[in-house]
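Same chain, two partners: chain A is paired with chain B first, then with chain C.
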Partner chain A sequence: MNPLHVKAIARKEFYHLIRDFRSLYLAFIMPLLLIFMFGYALSLDVDNVRTVIVDQDKTALSRDFIRKLNASAYFEIIRHLDDSRAAVRYLDQGVTTMVIVIPPGWTQDLTADRETSVQILLDGSDPNFAGLSRGYITAFVEAYNRDRLLSFLNRKGRETIEPPVDGRIRVWFNEDLDSRNFIVPGIIAIIIMIVGAMLTSLVIAREYENGTMETIRSLPIGGGEFLLGKAIPYFLIALTDVLVAVFMGQVLFGVVMKSSFWLMVLASAVYISVALCLGLLISIATKSQLVANQMAILITFLPSLLLSDFVFPVGNMPKIFQILTHVIPATYFIDILNGIYLRSLGFAHLWPSYVILVGMLIILGNIGFAMLKREGM
Partner chain B sequence: MNISGPDVVYVKDLEKRFGRFVAVDKISFSVKKGEVFGFLGPNGAGKSTTIRMLCGIMSPTSGYGQVAGHDIATEAEAIKHSIGYMSQKFSLYEDMTPFENIRFYLGVYEVPPEDWRERVEWVLDMASLQDVRDRVTKELPPGWRQRLALGCALLHRPEILFLDEPTSGVDPITRRHFWEFIDSLAEGGVTVFVTTHYMDEARNCRRVVMINEGRIVISGSPIEIISRVFPKKPEADLDDVFVRLMSRRTP
Partner chain C sequence: MNWLRVRELVRKEFIQLFRDKKNRPLLVIAPFVQLLVFGYVLSTDVRDVRVAVLDHSRTRESRMLVDAFDANKTFRIISYPRHAGELEKLLLRRKVDIAVKIDPDFSKRIRRGDSSPIQILADGSMSNMAAVRIAYASLVLDRFNQHMIRELYGQRLDYGRIDARVRTWYNPNLDSRNFFVPGIVAVLIMILSLLLTSMAIIREKEAGTIEQLIVTPLRPIELILGKIIPYIIITQTLMIIVIAFAIVWFSIPLKGSFFLLVAAACLFLLSTLGTGLFISTISATQQQAMMTVFFFILPFFMFSGFVFPIASMPTAIQWLTYLNPLRYFLVIIRGVFLKGVGFEVLWPQFLALLVLGIIVFTSAVKRFRKRLD
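Moving on to the complex of A and B:
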């Protein structure tokens, strides 16, 4: 390994990068775009469930019910209507996701201790959202019932009894159940795959397409030097992107790392190297920028997005996919980042994931080296 | 035209197969130091395959070859240090300037940094590229790019220069200058190994080998070859020889 060779290749690669508009876009604009998109648009949290109220009872009690509902942070009453058919139209058009109908005579029944009901209609076209909304409204109705019961017992002069079991829920690691807290680590993993694997998948294919690979092979450059020189500029860019993502996560979304910053940098450095290796391997194997780019999306970007436990929980996947997640580098990287970001775990807990990533790096690097050797380098 | 130096390229029974296809079929020849050696043949005759084996890019299936004293099968690395190679596409990095291209080659050829300035000026002067040293290479005409590619291949002062169809797509005046330059290199002791299928250019070689379908058909100086193939036809030229020999093998 001659540092002079590596430097010459890295410098050349840097020129290609800064003179190619597409690469620059992918390297710098795309990550920012992703952070904004995932951070603001793709919030997996459900709050302010849009609700249309049809109060056909119109009594002090029904108004109190509605007021309590509106006071909760989970619901946002967007309309009061008299006609339930009009409310259904709101649901059809997707303007609202929930309709609550309080039937006439509701207060009468309630005060006469007869069984009563309110009708709740939910838009189930987004099952995740509907499920969470149902949970919120069920909890709300239960709480309302308990209050009614207590005041009933009070009125009758009975001693109030507390419910025998009170489930006290405390959420650990992400106290507010804020999905941004786990989206930021996920974004970092995705950005690295885009910058690392997708960009580098082009760089050796480009040499083949332009005929410069022929010259490269005639020069006294070793395969290892070639790979390293090619990787260095992209490594630096990917690392910069990670730091920008971390910074923006903190400033824009208030996502603060709980454990060591340097552990995060170390994990990123290893994971970036894995991504770069993957990209370069694809580039050598395909020898065409177009095919390489498609391959990179297919075997690096999509699996990192879909199978890494970032967007879709691995626990719910069929067995075969669950096995597949074990060979995806992003799985281990996100595991480390979640440990660092949410659980304040140290290296003592996280080392197995580091070891697996380093192992992947060694294997991929050697494959790349062997492939270049076969190409005459 | 009396060359009797040592062999800098020596090839014995060199063979390259791709599966069942025989690209180079047990050829033997040698090139002396300071010679301008022409390797002629139609497209697909095995010219590029041979040159690649000699440059250490591709390993032979069988046979022996020596370039600048190094075995082509085992010492590719050493060969790459002592040769310059220019492919038919003058493969430069077109998004980089002449200066940046030269700098890349300086790095990979391990030219000592204290010599860099002098070598850069040398190439830019030789290729008359001083005025465009900071223009992007893709804006330059083919002839200029050819000169730059040639300069890059010579940066480390190689013993042997391999040129694979060096004048394709270049205008006649540039070609003439090119050959004058090649002559001056050879006078300075550099061996030049050139493939071409332009027979008018082959006249510039002191010795040529013609190959067809992977086999050597004839070798010698251009004049020798012409008189051997057309003993009774003094007005014949290399073109005639080429057409005669290359068509003979295809029934």
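Moving on to the complex of A and C:
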């Protein structure tokens, strides 16, 4: 391998990039946009569930119940209605996702120490949202019940009883339960796939489409040199993107790494190389920019978004997809990121993922090399 | 306007599209693969929560607590580690989602009438799911407490308890698939129509054949129509097939009117085709167009409520989502699929799609014509 040849190819590719200002611009703006979107605007957490109240009892006690509900950070009462049918219309239109109906005679039952109920209608279309809302409202009612039990015991003149079990729930790894803390690191993996695989999937296909592949073939350049030269500019861009993303996550959104920065850089470098290899492979195989682009979305971007334990847990998937996740590079990279960002794990714990990524890199690199050879390089 | 010329252009476009063998998988297979993968994979259901229990007490009471967890169908106890180090390792390695630690004097304290602390460690890394798991765990504890109080004090505590009767509508089993699959149909339509229209024109530009088209007697509006009609036909056909597939394969209930969906898709296509046209005016190469399409798709996708609830966004962003056509289309498609609501409920969304579509489409056409002249 001649470094001069590599340099020449890299320089040529770099000119292509610079000349196509938009590609360059998008290669840098897109990651910023993504980090900004996920850091600032997108969250899977739920607070202020928009609630419609139908109070058919209208007593001091029911109003007290509603007041407490509204005071909680999880609920926001947007309407008071008298008719539960009108409330259903709000549910149909999607204006609200929760309707709470306090039945008539509620207070009477309670003061007579009879069990009573509140009816809660929940829009279940979004299961994540509905599951969280259901959790919040049942917890709220249970807490309300606990207070009532204590005051009941006081009334009966008995010393207060402590609840037999006091559950002390501690959350690990993401103490304030902020979805940002796992999404922002995950975004780094997505950015790498966009810049690494999707941009590079076009670069060799372009040579074929423009007919310049013939020229390159006639040059005294080896397949390895060609691949390396094509990859280097994109490697540098992707690495810069990663560093910018890490920096923004930390400074703007307080998403901080719990273990070593260099471990993260190492993992990124390996993963970027894997992504570049994939992109170039697709490019050689398809020889058409449009198809390459589709393939890149289908086999690099989507899997790393969907099958990598990023937002959608692998445990919920059918067995065949669970098996599939093992051959997806993003799975291992996300595992490393998760370890570094949330679990403060070191290399001692994470090395298997590194080894697998390096193994994938070697395999993909060799396949690319072989394919180019068959093409006559 | 000469419809004959438009028809010929449409025919040329179809021939060009299907003659290229490489386009066929893109048009036919890709949407199905995406639907299948999305349908199976997108799920934030909380079930099968993996639990590890470290029981230092090993008494009747502690076993009752463990049984309470085991009996709940959300939880699955998969490991009984022997010491705290092992328990923590399980959490660190992501082998379990929740770890329960019971102290040696657990029963003694309960029988004394004291409160006995137990530690529940939850893996919070996926915060949304962790929050639901924690809520379920506290529910188990609350029920256990009520049971124990009754047993300890040997009397019925009729204190006027409030029973929260939660009824979940539209998607009673909180099945993620019912939520995501209809949304995927919308997203697929968006991606296909945006990508195909922008690429169709860029291809001519790149190949230089756009010059030939311009010198033909085709008028700009005919050119636009000829370039757009094929993709309206293709996306609508695909939508119908994909919806049928979703209903049959994933048994997603379609509670409302199918016709309403087709109508909504037409309005939605106004916006996406307009955007595709616009992209083709600002890009010179396919690579540029692809990047720009992606640039549009991402915010459309993210700020539509497809995965991330709009209600959880900052208020300013929530206002911005009103400019997103996908937002309205999702409300319609989910409303029709899951809620079975009709036009009388969904008309604001239809109106919004119409207005947005007309604005986007006419300005794109204007810009495109200027470019041609």
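Operating definition for what follows: the second predicted complex is superposed on the first by the 365 of 377 C-alpha atoms of A that agree within 3 Å, B and C clash if a C-alpha of one lies under 4 Å from a C-alpha of the other, contacts with A are read in each partner's own complex, and residues count from 1 in each chain.
Just so we're on the same page, a residue touches a chain if its C-beta (ideal position, glycine included) is under 8 Å from a C-beta of that chain, and two chains touch if they have at least 3 such contacts.
From a predicted model like this one, the values you see are computed outputs, not experimental measurements.
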Inset, instruction - Please work out whether A:D20 is in contact with chain B alone, chain C alone, both, or neither, and reply first, second, both or neither. - result: both
Legend entry - Touched partner set for A:A285, first chain B, second chain C, both or neither: neither
Legend entry - Partner chain in contact with A:R50 - chain B first, chain C second, else both or neither: second
Inset, instruction - In the overlay, answer first, second, both or neither for which of chain B and chain C A:L243 touches. - result: neither
Inset, instruction - Identify the partner contact of A:G376: answer first if only chain B is touched, second if only chain C is, both if each is, neither if none is. - result: first
Inset, instruction - Go through the superposed model and pick first if A:L61 touches only chain B, second if only chain C, both, or neither. - result: neither
Inset, instruction - Pick one for A:P220: touches chain B only (first), chain C only (second), both, or neither. - result: first
Inset, instruction - Please work out whether A:A8 is in contact with chain B alone, chain C alone, both, or neither, and reply first, second, both or neither. - result: first
Inset, instruction - Mind telling me which of the two, chain B or chain C, contacts the most residues of chain A? - result: C
Inset, instruction - Once the two structures are superposed, pull the chain A residues common to the chain B and chain C interfaces. - result: 20
Inset, instruction - Using the touch definition up top, name the residues of chain A that touch chain B in the complex. - result: 2, 4-5, 7-9, 11-12, 15-16, 19-20, 210-212, 214-215, 217-222, 376
Legend entry - For the chain A and chain C complex, residues of the former touching the latter: 20, 22-23, 26, 29-30, 33-34, 37, 40-50, 89, 91-94, 97, 109-132, 134-139, 141-142, 144-146, 148-149, 152-153, 161-175, 177-179, 181-182, 194, 198-199, 202, 206, 286, 288-291, 293-294, 298, 302, 306-307, 311-313, 315-318, 321, 338, 342-343, 345, 349
Inset, instruction - Show which residues of chain B lie in contact with chain A when the two form their complex. - result: 52, 55-59, 76-77, 80-81, 83, 85, 87, 89, 91-96, 100, 103-110, 136, 162
Legend entry - Partner chain A, residues of chain C touching it in the complex: 22-23, 25-26, 30, 33-34, 37-38, 40-48, 50, 65, 91-94, 110, 113-132, 134-139, 141-142, 144-145, 148-149, 152-153, 157-176, 178-179, 199, 203, 283, 285-288, 290-292, 294-295, 298-299, 302-303, 307-309, 311-314, 317, 331, 334-335, 338-339, 341, 345
